[in-house]
């Protein structure tokens, strides 16, 4: 099977890191590649960034469909464009916040999310509500490191561990969810220090979409998620006409 | 005060109709104009269309900010890009689903939405949950007329009335919300026949954003809705870099 | 149009202050007056006071109906008698807690209420649940100043600011709602100091009821809110028989 | 112990019927009496009626306090004035909707309410939400018999049985709650015909308030339900000043 | 009437203490006895213990049915086997968490549970959700005393009072619920020191099941709670075949 | 890795069928076996059966731990003993209702469950609430075929298809979840006829537990799910003492 992991931002370095995390858990029979859009923001740290990451992400889905991809991971914790991607793709599409929250629900009583910037927490709560984790998600906490600094900041593990430890106590939670695709490589180290399960959504979404493909399951086309109706698109976005 | 109504699709005819509905309720001291994006879908009937209406909508907000607009209405019942628009605009931004649902909550026990196509109902439920109308919204019903046919179909009033009447009974509701900006001109006729309040979101959002401006209120910039952080945008969307 | 603002307590001084706040935001074509009942409690600080403010409030509605009033504001943060008032009035009726909570929901992620006495917080939570703000309302905090002291206490602005600032942090909120009609005149000063939107329900309800009247909308009479059935009333309340 | 059952409307005949139902289940050591206010509506079938039944009901509580009553039942399915009554009474106060809903929750998976008029259903839903029965209450159905006709209509049992039977099927419920104090005497007959538990709130509230008194429990005075603060009351309601 | 209180653990001393608490509130006409299973855990402090307390508890119910018992109390705060017990018993069955939460809801705005060990708190929250107390239950707090130490620890009252006092403040609650049958004898002392209602579930369940029997109400057999279907049971549990 | 699928009832034939479904989706590197308890009910169709399936299920977990099993599937749609199993097992444990509901949430807007007997529907709703699928689960419908007849009834596919088709319409759902482990082999046929994703929990739980093991994740032992405290067990269950 062929799984494509889409990093919705345009930073190729981050795409590579995401690919590594995904590849580490993909099954032996899985062909996995990771891509990022040719257009849009270098990182996603606001509703504005997220909205503008969607056209490029959808272009990658369209390209993947032509290439016969069997399923997709959306590798940004805002799960940008997930509903639209599901309309476009024949196979399953899983967001990393979605996968992480479902996984966390099977591992404990309640989880805390550790994310990058304060301002992204509202989106995480929206997604928790959307995925039925409104009660299970006990808190969303920022470590105040911008997405593109995660790689460069030498103290990032310490910072995530510190925020995570405080979250476990304050939220009375027993699982940590990493709230950014750029944290995928921290999972093992943070878990070792905190002594609780730490869920990286990139890896979780990879094994979950692989699972759905194995089960022969794809998004329902009964109604809402049927392919988009063909229609005129104009201007810069004319090529998006289906 | 200067209010701009943005029709997120690219159909100018529909923009004109929306402008009429908005102008009919705007106060004497209000300068009101209506615009639509230069790029994107001709109508919005899927998550895909909605996602791709957002860049053009945000471009109109950015233009409005340069022109000193005081507040915005997003005139599509999916309220596309509302969160991003709030980050971008200094003044208040109100979506028509948002306004209609808040208005309906002040008029009765529960409302039913009458919308265009079946597949758009999921989005309406998502918005109801988002706006605290998860209980007040009793049902969302399609009249199976595509957005751009609303103007051409001679039976549109009869159809909306029939669907609305059935909804009032089935949902045990007492208010009807029109689920598409393209239905704005039907409000009076439908209400006359159904004998219950019928809320058009275009008009409702216009008076509500005017209200917020009068109150001197604008979106909080404390955290989530602060202006987006400046960053590199690439490709076709490079101009969106702030 | 003719809007009547009803202060449900019997303190005329407070009625005057409320009238000022309402008048400051009413449109040029709006005739606005403010009244208070001839019977009932001097201030409303318990369920008991609130229950006993309702007969006088309903008498004012009945009087307003005879005078051709187009819509009403109930200017106490407990929104006393709102359901009954809606049965009685032909036009729309808006409570100040209701209006403030709907307005706040359009301005940020979550709001905190700053109110007078501790014991009134339960009612605020009940109303938040009723108006679909159970999630959006993040906290209700008392500043421990009785309603009728608000005017006399020189430190009232400082106190409200201090409680509001603590609330923003503790509740992780981004909007403040003033939880008493007697705080209407503090709105500007508090907002200036806190740097976030501060919503006064008196002003908000005034522009919202004005909005509903402009839209030609009134309470649904389909079922629950139809005029009360005529029936015998006895004793001191015999005059309330319709 | 001394329990007082208050019928909040002014119809003495109904008070007698209520007293019988209560007396039938009260313990041997319980002194039970039933009263109704000297002022207010002959029956309660709207928010307006309910609001105006509260002053008389509170007057009865005040009188009961002087007489050393240990606990109260509010015998109208709208539980009018319950919060205010709790502030006023030293002992426990239980509403019949409250008692019936708690009892029903201990008897099955979900209950349906059979009430009098359509327009009263909204209040029943509000109370269900208030008492944590938002999920357990599966439906509220009217039999379209006014409160004061319940005694006179020879078909009332048949009608309640028919509505109840349809409700069990439609709502997928397994318990029936009678939604009016005036139905108290129908409980046995309806239950015999439907073959499911049928809960009369008058009897349920009587044994529950008796239970709370036996347990030595009374309303908390820690904060919200402390006695109302003394203050000036004016006009017709001057005597309500505490 | 004959009420049987079942202590689901195998510690006879605790059964005696429970019996005392129940007997203290049972009516004069009530025959009350307390039993515990012959098999299972000495105390219930994990999901594992709770699951394994159920077979013995059900055996006691079966024995009670043969003896003509009219109603049962399950005297462990995890309400183990409540659904199964309801299928088996002809009369009503009430759990002590269930009874305590319903009682607390009639006494104040919100309650805090004080329980034994930290790890049991999750179960209390599950039950609160199940019984409609998801909002009313404001917090669950452990005093870190194992169940079987409650009798031996001389400081147990002080500890429960300290945890309860902190809970009232932190949770903004006004009622305390004791979260273990082994705390039944502490109720009076704790209440005296805290000055708020303190609910012991053993006593509460006793008077509530007595109430339901008085009302002639028993678990609905319409569907889910009908007697279990006869079928083969094998191995050590062969005797459980009905 | 070694995954053990536990059929909580004692019917070996059903265990074989379950093993087949699980094996069909397990990865090449996975050692998978299926077992059933030596004690308990032949099928699980009531709360009573479910409660009594738990001791045997826990005995299988204990045996698995000694054998070095890495993760478990609980293959009954009531997910019996899931919490206790998580305390006992070092690796992850996934219930089939849990897995099916999480999978369904990633495939559409809302799902309907098709189960065996009417009386089991309450448990399915409880689990939906527990797993955050209270909104996503749109209906639970019985096909009125007992568990052990599923294999023998020649019309079972037709029946499940008919109930499923009606459910999609009535519930406005777009995914079907099979509500019994004994239906695992029907998945393909039912899906082919209904044209929507049909989720079999046995297969779903197998790939999900395999996923969690691949991710290196196991149940949190921070608090609630730590190993049960050692203590005395008596009587027939003495061997369960840890």
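Order as written gives the chain letters A, B, C, D, E and F; numbering starts at 1 within each chain.
Definition applied: a contact is a pair of C-beta atoms (placed from the backbone, for glycine too) under 8 Å apart; a residue touches a chain by one contact, two chains touch by 3 or more.
The structure presented is a predicted model; accordingly, all values stated were derived computationally and were not measured.
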Superposition rotation for subunit A onto subunit D, Cα-based, multiple of 5°: 180
Repeat of interface B-C, chosen from C-D, E-F or D-E - more than half of residue-number contact pairs shared: D-E
Numbering shared by both copies at the subunit F-subunit E contact, with half separating same from different: same
Computed distance of Cα centres, subunit F from subunit A, in Å: 27
Whole-Å gap between the CA centroids of subunit B and subunit E: 52
Sequence positions of subunit B contacting 2 or more other chains: 109, 121-122, 129, 223-224
Contact footprint of subunit C on subunit D as seen in their complex: 10, 37-43, 45-52, 54-56, 58, 81, 83-84, 86-88, 118-123, 126, 129-130, 146, 223-226, 228-229, 231-238, 240, 242
Touching residues on subunit C, where the partner in the complex is subunit B: 25, 27-29, 92, 94, 98, 102-103, 105-109, 131-136, 168, 174-175, 188, 191, 195-197, 199-200, 203-204, 207-208, 210-212, 214-220, 222-225
